[in-house]
Amino acid sequence: MNFCSDNVTGISLEILEALGIANQGVAMPYGDDELTQALTHKLQEIFAKDLTMFPVATGSAANALALAVMTPSYGAVYCHPLSHINLDECGAPELFTGGAKLVLVPGEQGKIDPDNLARMLESAGAGVVHHVQPAVLSLTQVTECGTVYQLAELQALTKIARQHNLLVHMDGARFANALVSLGCSPAAMTWQAGVDVLSLGATKNGAMAAEAVIFFRPELAKTFHFHRKRGGHLFSKMRFLSAQLVAYLDRSLWLRNAQHANQMAANLAQGLQNLPGVNLLFPVEANEIFVEFAPEILKALQDAGFKFYIFDGKSLVRLVTAFNTAPEDVEKFIKVAIASSAKLN
Amino acid sequence: MNFCSDNVTGISLEILEALGIANQGVAMPYGDDELTQALTHKLQEIFAKDLTMFPVATGSAANALALAVMTPSYGAVYCHPLSHINLDECGAPELFTGGAKLVLVPGEQGKIDPDNLARMLESAGAGVVHHVQPAVLSLTQVTECGTVYQLAELQALTKIARQHNLLVHMDGARFANALVSLGCSPAAMTWQAGVDVLSLGATKNGAMAAEAVIFFRPELAKTFHFHRKRGGHLFSKMRFLSAQLVAYLDRSLWLRNAQHANQMAANLAQGLQNLPGVNLLFPVEANEIFVEFAPEILKALQDAGFKFYIFDGKSLVRLVTAFNTAPEDVEKFIKVAIASSAKLN
Amino acid sequence: MNFCSDNVTGISLEILEALGIANQGVAMPYGDDELTQALTHKLQEIFAKDLTMFPVATGSAANALALAVMTPSYGAVYCHPLSHINLDECGAPELFTGGAKLVLVPGEQGKIDPDNLARMLESAGAGVVHHVQPAVLSLTQVTECGTVYQLAELQALTKIARQHNLLVHMDGARFANALVSLGCSPAAMTWQAGVDVLSLGATKNGAMAAEAVIFFRPELAKTFHFHRKRGGHLFSKMRFLSAQLVAYLDRSLWLRNAQHANQMAANLAQGLQNLPGVNLLFPVEANEIFVEFAPEILKALQDAGFKFYIFDGKSLVRLVTAFNTAPEDVEKFIKVAIASSAKLN
Amino acid sequence: MNFCSDNVTGISLEILEALGIANQGVAMPYGDDELTQALTHKLQEIFAKDLTMFPVATGSAANALALAVMTPSYGAVYCHPLSHINLDECGAPELFTGGAKLVLVPGEQGKIDPDNLARMLESAGAGVVHHVQPAVLSLTQVTECGTVYQLAELQALTKIARQHNLLVHMDGARFANALVSLGCSPAAMTWQAGVDVLSLGATKNGAMAAEAVIFFRPELAKTFHFHRKRGGHLFSKMRFLSAQLVAYLDRSLWLRNAQHANQMAANLAQGLQNLPGVNLLFPVEANEIFVEFAPEILKALQDAGFKFYIFDGKSLVRLVTAFNTAPEDVEKFIKVAIASSAKLN
C-alpha cells in the first residue's frame, strides 16, 4: 500500500540469505576477499567487458565518487535539471569533485535534448580560462521522469559528448528497470552506447544498501580507490557489500525484480490512463508513474490507506513500484481510482 | 587463526538475525522509521543523556563527518600522530572539513601528552589570521596502541581543550573494548569526562557495517544531516543500519563481545609476556597486542598458519582479537610461541 | 580605439600618484596601517553606515570570498545565468564556499525576474536534507547586459530573499557606473535596499587592482579575514591596496570616472541607435553596449582599427567604455558606422 | 628603525617608476600583453631554461596554487614544521589542493633533515589506500630560520624526493637573498638542483605585490591557469604585475636589493654576536636574525624606538633587514645593544 519509493521496501530474500552465507568464516578486509573477486568476474561476464568495479553503499556515493575522478575541480558536468545529482544529493558532486559545476541541459520527459547539449557545448568556452571546462556528460537511466532513453538516444548524446572530449557517466540507480524496459543487453545500454562509467544501482531493486561504480575503461579508475577511502566509503567488511551484489546478479534476480516492478507500474498505468480526473504526465516505461489526480480521487486514495509523495503538495503524485509490490495493492489502487473517478461529474 | 584485525570477522548472529527481522514490511526511508527512533531512545538511556545521534556505515565516515561540523575550514584538529584520522583515512577529515589541518600532539603509548597539548595550544596563535585556528581535540579510545585512557587522563585533556575553547571529539572505533576495560559507565567515559561528540564504533565488534555519531550537545548537530547527505552517507534503507545498532546494544551484546575480545587479548599477552624473543611494546588493555618477535618465532607462527600484520615488514606484529576469537586459537598461538621461544639460545 | 573592456585601460593618474605617496616611510603589514584605517572611515562616511570592509585585488576574489562567509558548503546561491560568478570565474565561488551550488534564476535584460525567484525559492526544499539549502541571493549591479536595477527592483528582490531567510550579496564590479546612472546615494543602492554584502569594484573604473568587500552587517564578517588569508588574498603591503581605494573615493574620482564612461556609452548608443544594420540589444544604462552589426558594418569598424569582443564570433558585439575613453574615438566609431550603414541597401 | 619584517618596507623606486611607464596606453587583459611576454623571456634568460611562468600578487597564492597542480587531493606535501605553508598561510595549501595533507619533516636550523625525509617516505605507505600519497617535497629557501640550504643539501633532498616519485617545490619568498648568499646562478639553485616548481618572491624584496610561479617542466603547468583564475588570482590588468617583476629583474635590481638586505643583517649579526646577554640562535646567512636578548637589552632597544617581533612574547626576537634598511639604523641598533649589554653584570 506504500508507493512512496522503491526504497521503502526491504531486502530480496535471496540477498538476505547471501549475507548469512557470507558470514561464514573470516575474510580479509577492504575488498581483498573472494566475494569481491567473484563480483568482478560476474560483472565482466554480464557486461562482456574487461571492466573495473568498486562496491559502495549508496547511490549518492556512487555518483559523486564517479564524478570525482571524471572531472577536474574546474570542470563542468552536463546533466538534466531534474537529475538526482543536481536535485537530490545536497551537493555531493560538488563536495567530491572539489567544486565542479553542474551545468543543466533541459529536455522533455527527463531526457537531455541533444540540440540543447550541442549548442551549450559549442558556446561553453573550452580552453578559455574564465569558464569552467566541459568535462562530463551525466545521463540518468531510468530518467527522473520514469522514462527510458532508447539506445539511439543514448548514442546520439554520447556522440556529441565525444566530439567535445567529454567523458560519459550514467546514473543507473534504476539500471535494471531500464534494461528490462529496453530488452537489450547491459553492454548495449552502456559501453557500446558510449558510456564510460556507470553507477549501477541495486538498493532500489532489492539490495539492502549496495551499488557498484563500474569503469568500462579501467585506465579512468586509477585513483578511484583513494577517493572512495577518503570519502569514508571503503567498507572494511566489504564482503557484505559484494555478497549483496553477487546475489543481486545471480540467476537474473536483478532482472526478475525489475521485471516485476515494471509490470506493476504498467498495470497501474493501464488502469489509470483513461480515467476522468487522472492525467499521466509521462510515458510509463519503467517503475515510476507521475500522475495528476483530481482532488476527490487523491482524497479517496489516501482514505483507502495508500501512501505516496505529492510533489507539489496538491495534486502531482509520484507512484513507485518495486520488486515486491503486491499485485493486489495495484488492483485495489486502480479500483479506488476508478470508483472515485466515476463520481466526478 | 587470523589475528590481522577485528574487521576480518563477520557479523554477530544476534545482529544478523536483526537484519532479517527488520526486513518485515515497509519502512519510510532516510531514518524516518521505528528502528531508528528506537535506537535514539536506546542510546539516550545507555548514555543517560538527551543526545542526538546519526547512524553511518564506516568509522572514517563517522569521524570525518563529526569533524565537519566541529571545525571551520580554517580550523585545526589536535590529535595524536598515530590517530586513525591522521594516518588511516587517506585525508577524509581534510575532505569533509573543507581542508582543516590536523595538528599532531605526541605522547607515549598512543596517548596525547597533556603538557604537549597545553604548550602547543598556548603558542597556536588563536585569533591571529596567519594561523589555522584551534577548534577540536580528537581523542582515540581505545588508542591506536591498544592502550586505554583512564578517566582522569581524559578529564585532564578535555579540561585543557575547554580552556582554549576547543570542542572534544572521541574516536570510539573500539569504544566498547575501552568501556569494559575501564569498567565505567558510557556516560563517565564520554560527556561526563568532557567529550562533546562520539564516533561510536560497532563494525569492529560484531556489526556488519554500522557506527553512530553521537552529539552530547544537540545544538552542535544542527547541520550534521546536510553533511551526511552531501557525503553520500545517508542510507535510504536506514532501518538496516539502525537494526544493527539496536541489536548491538541490546542485552549488552556490545559489552559481551568486547569482554570476550579483551579476554582473548589478555590471555595472549599473559602467555607471551615473559618469553625470550618476545617483547610486548605496550600494556595490553583492550583487544590489541603490539609485540616484537624474534625471527624464528615469527616464522614458526606463520608456518603454523597464523595470520597477522607485520607493521615494519620484519618483526613488529599487531595481533587483534575479536568478539568471536576462538580460545583454542589463542592457546595454540601461545603454544607455538613457547615452543619456538624455547629453541632460541 | 579599444572597446574590448574597461580592463584594457590603465590607472587613473590620481590613483597612480597615490601609490607614490603611500610609498613614503614604513607601514605595518596586513592592514594594520593608516591608509587602511582611513579607507574604513571613508567608506563608513560614504555609505552612511557602521560597516566592516576588506580590500582585495580582484573582483573574483571579492565575490568568492564574500560568498564564502554567506553560505554553508551545502548552500545555494541564487543568481542570474549571465552573472559573473556563474559564467566568468571558472568556479571560484564553488572553490571558496566548499562546493555550494549556484542556482540560476532567469530574467530579461540580465536582471533576475522576481516571480522566477519567488517560485524557485518556494519549491527549493528548505530544510529538506536532500536539497542544497537556499542561502544567498546575488545581484549584479550594473548587470552583465549593461542594464541597471532600479531601486524598486532591488527592493522587490531583496524582500523575497528576506522572506526566505537569504542573505543578499551585490556584485558591484561596476558599482559606480550604476550609481551615477541612478543618481542615488550609495546607501540607497545597497543596505537601504536590502543588500548585506557588497563587492565594490574599482579596477574597471580606474584602479590598478583594488576592490573592497563591504559588510553592512559587521556580524557577518567575523570569519572573513581567515578566509581572505587562506585564499592567498591578504596583502602584506596592504597600504597599496588601500591607497588606491582612498584615492578612488577621494574628491569623487569614482563618480567622475563612471560619469565619463557612462556618457561615452550614451553617446555611442545615441549615434548608433537608429542606423540600418545596427541593433541595440538592451537599454544602455551604464558603460556597456550590446549590439548586433550587419557584417559590412562590423568589417568597416574592424578595418578602421576598432577593437571589441564579438561574443558569438559573428555579429554580436560588446562595446565597453571607460573612465578614459576618448570622445574622438566615440565620434569616429559612430562616423564609420554611419558611413558603412549608409552603404547597405 | 623597523625590523619587524621585510614587508613593512615600501616599493623600490625603479619598480614604482615601472608602474607609471606601464600605464601608457591600453593593453589586452589577463596576461595577453607585452610586459607579461617580456617577463617570460626575461625569466627564461635568467634561469637559462624554457620555463612557464605565472605572475600572482602574494606569496601564499604562489605557494598554494603551485601545490594545487602538484598534488592530488589525497596527496601529501612533505615540508618543514616551520615552513610558511604549514604555519603562516591559515591553511591555504589545504584549500587549493582540495585537502592534501602537509607532512612535517623536522630538521635543525629550519632545514629538512634528509635522513628524516628518507625514513618517513619509506614508511609512508605509497600505493596503500588508507594513507595519503606522497606527492610533493616543498623546500623553503631562505629557510624560516634565516639559514640557506647549500646546493649539495638541496641536491641530497631532491634526490630522495625523486627516488620516491615526488615533485619538488621551492618556496622562494626570499629567493634573491638566498641567491646572493650562495653566490650561485638561479639555475643552479633550482632546476639544476632538482626543483620542479618555484614560488619566486619579489614583494619582500622591493616589489609592491608581485610573485611568479615558475614551472621548469612546462608540462606540469598545463592546468595552472584554471586554478589561478578559480582562486581569484588572475589579474585583469596583469601588465602591472608583470611590470613590477620586469623592473625587479632588470639591471639586477633583485640582486642589488637582496645584497643590501643581507649585508645589513650581516652587520647586525657581527655587531651583536659576542655581546653578553645576546644569543644568536642560527647562522645569519640571509636577511633574518633570530636572537635572544636579556630583558635589559630588549627594553633598551624598545626604548630607543626600535620595532621588531618578539616571537615568544619575552625574549626571542626576529630582526629582518630589507632592501632599504638604513645603515645608520643598524649602527644605532648595535650601539644601543652594546651599551645596555655593558651594563649587565
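Going in written order, the chains are labelled A, B, C and D, and every chain counts its residues from 1.
Everything that follows uses one rule, which is that contacts are C-beta pairs under 8 Å (C-beta built on N, C-alpha and C of every residue); 3 or more make two chains touch, one makes a residue touch a chain.
Remember, predicted model here, so these are calculated numbers, not experimental data.
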Furthest chain, CA centroid comparison against chain D: A
Comparison of A-B and B-C by number of C-beta pairs in contact, larger one: A-B
Between chain C and chain B, distance of the C-alpha-averaged centres to the nearest whole Å: 51
Rounded Å distance, chain A centre to chain C centre (Cα mean): 41
Separation of chain A from chain B, taking each centre as the mean of its C-alpha atoms, in whole Å: 34
Touching two or more other chains - residue numbers and ranges from chain B: 73-74, 89-91, 95, 98, 129-130, 226, 229-230, 234
Residues of chain D touching chain B in the complex: 73-74, 87-91, 94-95, 97-102, 104, 123, 129-132, 312
Touching residues (chain side chain A, partner chain B) in the complex: 2, 4-5, 7-11, 16, 19-20, 22-29, 56-65, 89-92, 95-96, 203-204, 208-209, 226, 229-237, 240-241
In the complex, chain C residues that touch chain B: 30, 72-74, 98, 129-130, 133, 223, 225-230, 234
